[in-house]
Amino acid sequence: ADPALIFDLGGKFDKSFNEAAFNGAEKWVAETGGSYKQLEMQSEAQREQALRRFAESGANPIVMTGFAFGDVLNTVAPDYPDTKFVIIDMVVDQPNVRSVVFQEEQGSYLVGMLAAMASKTGTVGFVGGMDIPLIRKFECGYAQGVKAVNPEAKVVMNMTGTTPAAWNDPVKGSELTKAQIAQGADVVYAAAGSTGLGILQTVADEGILGIGVDSNQNYMHPGHMLTSMVKRVDLSVYEAFKDGPALETGLVVSGLKDEGVGYALDEYNADLITPEMKAAVDAAAEKIKAGEIAVHDYMTDNTCPVE
Amino acid sequence: MDYATLIEVLGSTLRLGTPLLLACLAGLFSERAGIFDIGLEGKMLMAAMASGAVAATTGSAWIGLGAGIFASLLFAGVHGLASITFRGNQLISGVALNFVASGATVLIAQTLFGQGGRTPPLSGAARFSPIQLPGVETLAAVPGFGPFYAKVLSGHSILVYIALLCVPLTWWLLYRTRFGLRLRAVGENPESVDTAGVSVIRLRYTAVVLTGVLCGIAGAYMATSLQAGFGREMTAGRGYIALAALIFAKWRPWQALWATMLFGFLQAIALRPDVIEGTLHMKIPVPALDALPYILTVIVLAGFVGRAIPPRAGGQPYVKER
Amino acid sequence: MAKLPTWADLVLVPLISLLLAAVISALVILAIGGDPVEAVTVMVDGALGSPYGWGYTLYYTTSFIFTGLAVTVAYHAGQFNIGGEGQAQLGGLGVALVCLALPWPHWSIALLAASVGAALFGAAWAAIPAWLQAKRGSHIVITTIMFNYIGAALIVYMLVEVLRPIGQMDPASARFPVGAKLPNFGEIPGLSLIFSNKVPANVSFFVAIAACFAVWALLWRTRLGYEIRAFGKSESAAVYAGISPTKVIMLSMLISGGLAGLMAINNVMGESERLVQNASEGAGFIGIAVALMGRNHPFGVFLAALLFGFLYQGGAEMGLWTTIPIELRLLVQGLVILFTGALDTMVRMMLTPFFRTARGAA
Amino acid sequence: MTLGKDTGRQATAAPSNMQAGVPAIELRGISKAFGPVQANKDISIRVMPGTIHGIIGENGAGKSTLMSILYGFYRADAGEIFINGRPTTITDSQAAIRAGIGMVFQHFKLVQNFTVLENVILGAEEGALLRPSLAKARKTLAHLAEEYELEVDPEAVIEALSVGHQQRVEILKALYRQADILILDEPTGVLTPDEADHLFRILRGLKAQGKTIILITHKLREIMEITDRVSVMRRGEMVATVTTSETSPEALAELMVGRKVLLHVPKATAQPGATVLDVENLRVTDGAGVARLKGVSLKIRAGEILGIAGVAGNGQSELLEVLGGFAPGKIEGRVSLSGQDLVLSGPGATGETRRAAGIAHVPEDRHHLGLILDFAAWENIAFGYHGAPDYQANALFMDNDAIIRDTEGKMARFDVRPPNPQLPAKSFSGGNQQKIVLAREIERNPVLLLVGQPTRGVDIGAIEFIHRRIVELRDAGAAILLVSVELEEILSLSDRIAVMFDGQIMGERLPDQTNERELGLLMAGVATEAGAA
């Protein structure tokens, strides 16, 4: 059976989270020549129909991006015991479900360090998408990284909204970025799905530095993209597709150790990352892997040790 | 809220208020001529898509603007046909065209670019970039006014200034020209215009065309100025807010400016719950802020804050012989 | 303008409108490089070709019956209720509050209580626009649009701040207790022979059919219905007959809002079993198309709701299995409203020559 | 100075040579139908320059339609128009204005929230900008005002002006466009006597300047007072054109009504019983603050018909509305029914409570009040009585079958044709529609029947039938208040006649002790020596 991939509300071409998943699937297609079914969510209420439709049509495995599928998957999965499901960013405890979660705090810590080192004003920004613990986790890791480099640095933080619409509101992203720039921020980390398009556009328009998320977004505004916190959603999708119906279920936690998260360095931002910066960040990465630096995970206790 | 924050919010107000202002003035022409137009939203959406798509392919924001106006005019024409020529229900026509626009924009953008109903991001000449007003550098140092001039008034795209210019222009057209006199008359009492030997139909079509042009600019502003490209449903109800502002403004141009800027301010402040919390020392739920323009409009409609009397012949097709 | 025979007005005009909408849609499909024949095949197959398809088609039909009836009742009182969407959302809130309030012992009791909750919340959301129209002359079209937005904001607030269980990230209420689970077509004796366990169509469908009869009886068999229709046809004559405008506007809009709200027993209680954001998915607006197509008669509404149910399920399948985007549904919906509601004069003018020659020949 | 466009035509034409020369206006064979209604049938008329030409006719005779065709507001189905002898096609009002025609409509065509000046220049602006136009108009208006006694503040907003002043604006509009031919459609219908006198002075002034004036009215006094010639219209046709000085009001009335003798209802002398309706000092002020009823008092006893005569718009409608349970404005005074005071405003004053009290009401305007044209006949038979116990099947539902059965009976007894209860009201002819309303209202044996214009737009056969039914109801002991603009109807049906003028009862007469002339004078507001009353 063909595998299937369902994208969340931000849309397949958000150049970020969903697009990473898409790229993973396309990589699988390129390698195997196989085909897969895909669907973009348009509304909250569609999720169940989408899952059932694919399950009914015999797709296997069915991969979905985003925590918001958690609840419906929990009810749908038992109805199709022979179908394997993969959910990214959420833990669903069902025998036929693989849950993939990432240690975003680790990657965010690294880009936070870079932000602090690149900032001239000592103020850096963070614009999140929907205000949920998951995004707080990004922010908290980022702030820890910033403070690790410059304890005096200020982190300006905004969330775009409280509903999934926050993933797809470039205008609001843009306005929030302008506000942060007014407060002195000269590096802004966008962790907001499609909203990030507006954030990074404004970053480029205003001539400061931005940090992308999930996908490598460095190419979008060369010269203005400090780096991207890559989260290898593409790999998760690719592996799920490759494993096929026989995939192993259960919880998969992906972090720096297995290169599930990291920061992006390529020709587009090579000029912005000095060798010293690279050295410092790579050293920190090693320490995290070795457990010498413990980056706090917001979601363990819904608190963040740094402001 | 400190002054710098206020400046920031006001700048944001102007950016967010501009599409409202253009759409509101668009509605003003139509409704002053006696044609209700619920379809401002749909026209803006069509224009946003068309301008985004054409700007992306041609690389010129100006050609994009033209395409946006054209697309909006197309919808305005259908609305005119339904409500003027075929004397249909103006409200239903507007509602219907909004749905058509919702569907058609995504359909077309998806077909052209295959990016989930989005147009590619625009950059360079495909976007209207901010322009600095003269003397920003020198004036910026002036305490108080300097930052206001530099951050609130200056540094917007040309379309913002066009929108602002449209206010006195509309006022002048409406109250100082023959066309304006007739336009106002046809919305109040089309028989008076007819018996004065002026064609009601032609006047109303002219108004509908003006509405199309202004909605076109509003939509193009969304896609080529406020944002860099079109995204599905990107107007997000702004056409309805503009309608609300129009009622709030009691169908007058200067009041339309204040009303749309008020609603723009509400939108700007809704983006900054942190500022509100810091200013009012209490947490106001964001949904409440989002709903505020609509709540205000209902209060105005209820006639508790001065009655809003729409043009008397509004909404009714002109029928001489039963 | 020349008059058409009644049957032509009732049957032919909506059919021609539908045809026009279909032709334009087909042209659009061609223009975007799709294949209209393939699109129709996929739609028919996906919506009608299997019990699974039927299950969804009837599920959507159920929602559209409620919102179509809502528009119909208001229409007969001369009111254009464009607020069905907001009222349906609020109805969802009513359902959620009722369902979460108790561990319901049996679905039938839960359904009864949830119906009351849904109708009350929907009616409440129509009450203020109705009152403003009756007492202050505020245009109900504008106020109901505003209330759609206010309602959406209210739901967001309720979901994010009040109903979201601790530890949950997506803005949705908790799942309803099992006692509030409505039997779907796969669980109803008899129907289960046809439908699998997984279809969303549920007992609310029968409530919707009952609502059709109830609305028909209300409008054409009761005093209130008589007053509603009389008022809708002629306000001045209604006053002559001693009919209170305030009473008619208020009651008709409350019933309308209640019907729109009642939709929530289908989607919120019957399908998602929790309240999510934008649960009504535009069904309130589709009600306008359904009522116009159905000529504002419950039987017509039923047929039109079936048609739109087909269109919705078929459109979803088309979006899934062809390159034609699902938004084609919106386009068709808009075109149907345009032709039946605003360009009906044009459609009639297109038809009159046929009747003139037909009569001339006879 | 002369402001009129100098076309080198006559200035003033002496009455003696009026017959000679080229008519200012000539219409030939004008026809116009509104759907099924033939408003004008093959109408021809000649109006000599420099004269005042009257057109009279009953309501709905087609006067306004004819003049609106001349003014290009409607387009005729057939016929030709000659202006000053030249054939002229008048496609729209612009063409009429170019031909020198100005019209003051029965319902003014003014923009209510515009100033006088703005209304005057609308469509006659000088250029694309308003300022020069306004300046010019301000000057011109000052001259016109002086010349024709048409003073009105040019900066005043229309809605703040009295009706009389609004009318002056309409006249000014026409003069500003340099009209030589001025049409006035029932100009005095809305004016006080003083204002009417003033208007006539203006019209005489205009005539003296050589303008041609067409005056539509149904007030015979005005025709006799001011016109040179008069044309009479009846049911869409032009029945006669005569020289005013050679005719009499009586002759004109006969031409207008078109039938010398109304079929007289054989009716026994009334046997009045106890007082049923007692109206004391009833006053009504409408929403615009205009006094519509100025202290009306009247009594009707059981078994008696009180006829109210009067020109339309003198308060009869308001009287019927108050008694029928409408609130046409602020109401003062006292009304009692069989000794019981009626609630006059607020929630207690509705058609429903009136019917419950035994008052039936055949409204003047059956199309807008008495019937729902889209409803079937049986639904209209229940109209207003839809709550009646005999129409209910149970607490929940109405008994439609019972209503249909009842309708069949009523249709048979009132000879409604076709006797099909399922037909919508709009597909019945006027007379049959009226019979449906009457059947509904009469057969419930009301204590008091209010009936307005019972035979308006009804053919002769039906008139007789309707009259008989009204008399039968009287004989059954009901009190009847009859309002009609048809004097003969009043004379033949009433047991007593009250004449209303300007919201007041001018006097009461007994039918056999008065005549049309006397009533006509009273209707015109001329108090006569009271006869025996």
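Order as written gives the chain letters A, B, C and D; numbering starts at 1 within each chain.
Everything that follows uses one rule, which is that a residue touches a chain if its C-beta (ideal position, glycine included) is under 8 Å from a C-beta of that chain, and two chains touch if they have at least 3 such contacts.
Protein identities per chain, from UniProt: B, C = Nucleoside ABC transporter membrane protein; D = Nucleoside ABC transporter ATP-binding protein.
These numbers come from a predicted model, not from an experiment.
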item	value
Most distant chain from subunit D by Cα centroid	A
Euclidean distance of C-alpha centroids - subunit B vs subunit C, Å	30
Between subunit D and subunit B, distance of the C-alpha-averaged centres to the nearest whole Å	47
Centre-to-centre distance between subunit B and subunit A (centres being mean Cα positions), rounded to whole Å	35
Gap in Å, rounded to a whole number, between the CA centres of subunit C and subunit A	38
Contacts with two or more other chains, residues of subunit C listed in rising order	156, 160
For subunit B, residues that touch 2 or more chains besides their own	117, 287
Residue list for subunit A, restricted to those that touch at least two other chains	162
All pairs of touching chains, each written as two labels joined by a dash	A-B, A-C, B-C, B-D, C-D
Residue numbers on subunit B that touch subunit C, as the complex places them	38, 78, 81-83, 86-93, 95-104, 106-108, 110-111, 117, 237, 240, 243-244, 247, 285, 287-288, 290-291, 294-295, 297-298, 301-303, 310
Subunit C-touching residues of subunit D, taken from the complex the two chains share	324-326, 347, 350-355, 361, 363, 368-375, 379, 382-384, 386-387, 392, 396-398, 400
Residue ranges of subunit B in contact with subunit D within the complex	175-182, 184-185, 188-189, 191-199, 312, 320-322
Subunit C residues within the subunit B interface of the complex	28, 31-33, 80, 82, 128, 132, 136-139, 141-143, 145-147, 149-150, 153-154, 156-157, 160-161, 285, 288, 292, 325, 327-335, 337-338, 341-346, 349
Subunit A residues touching subunit C - in the complex, by the definition given at the top	37, 39, 42-46, 48-49, 52-53, 56, 67-68, 70-72, 75, 79, 90, 132-134, 162-164
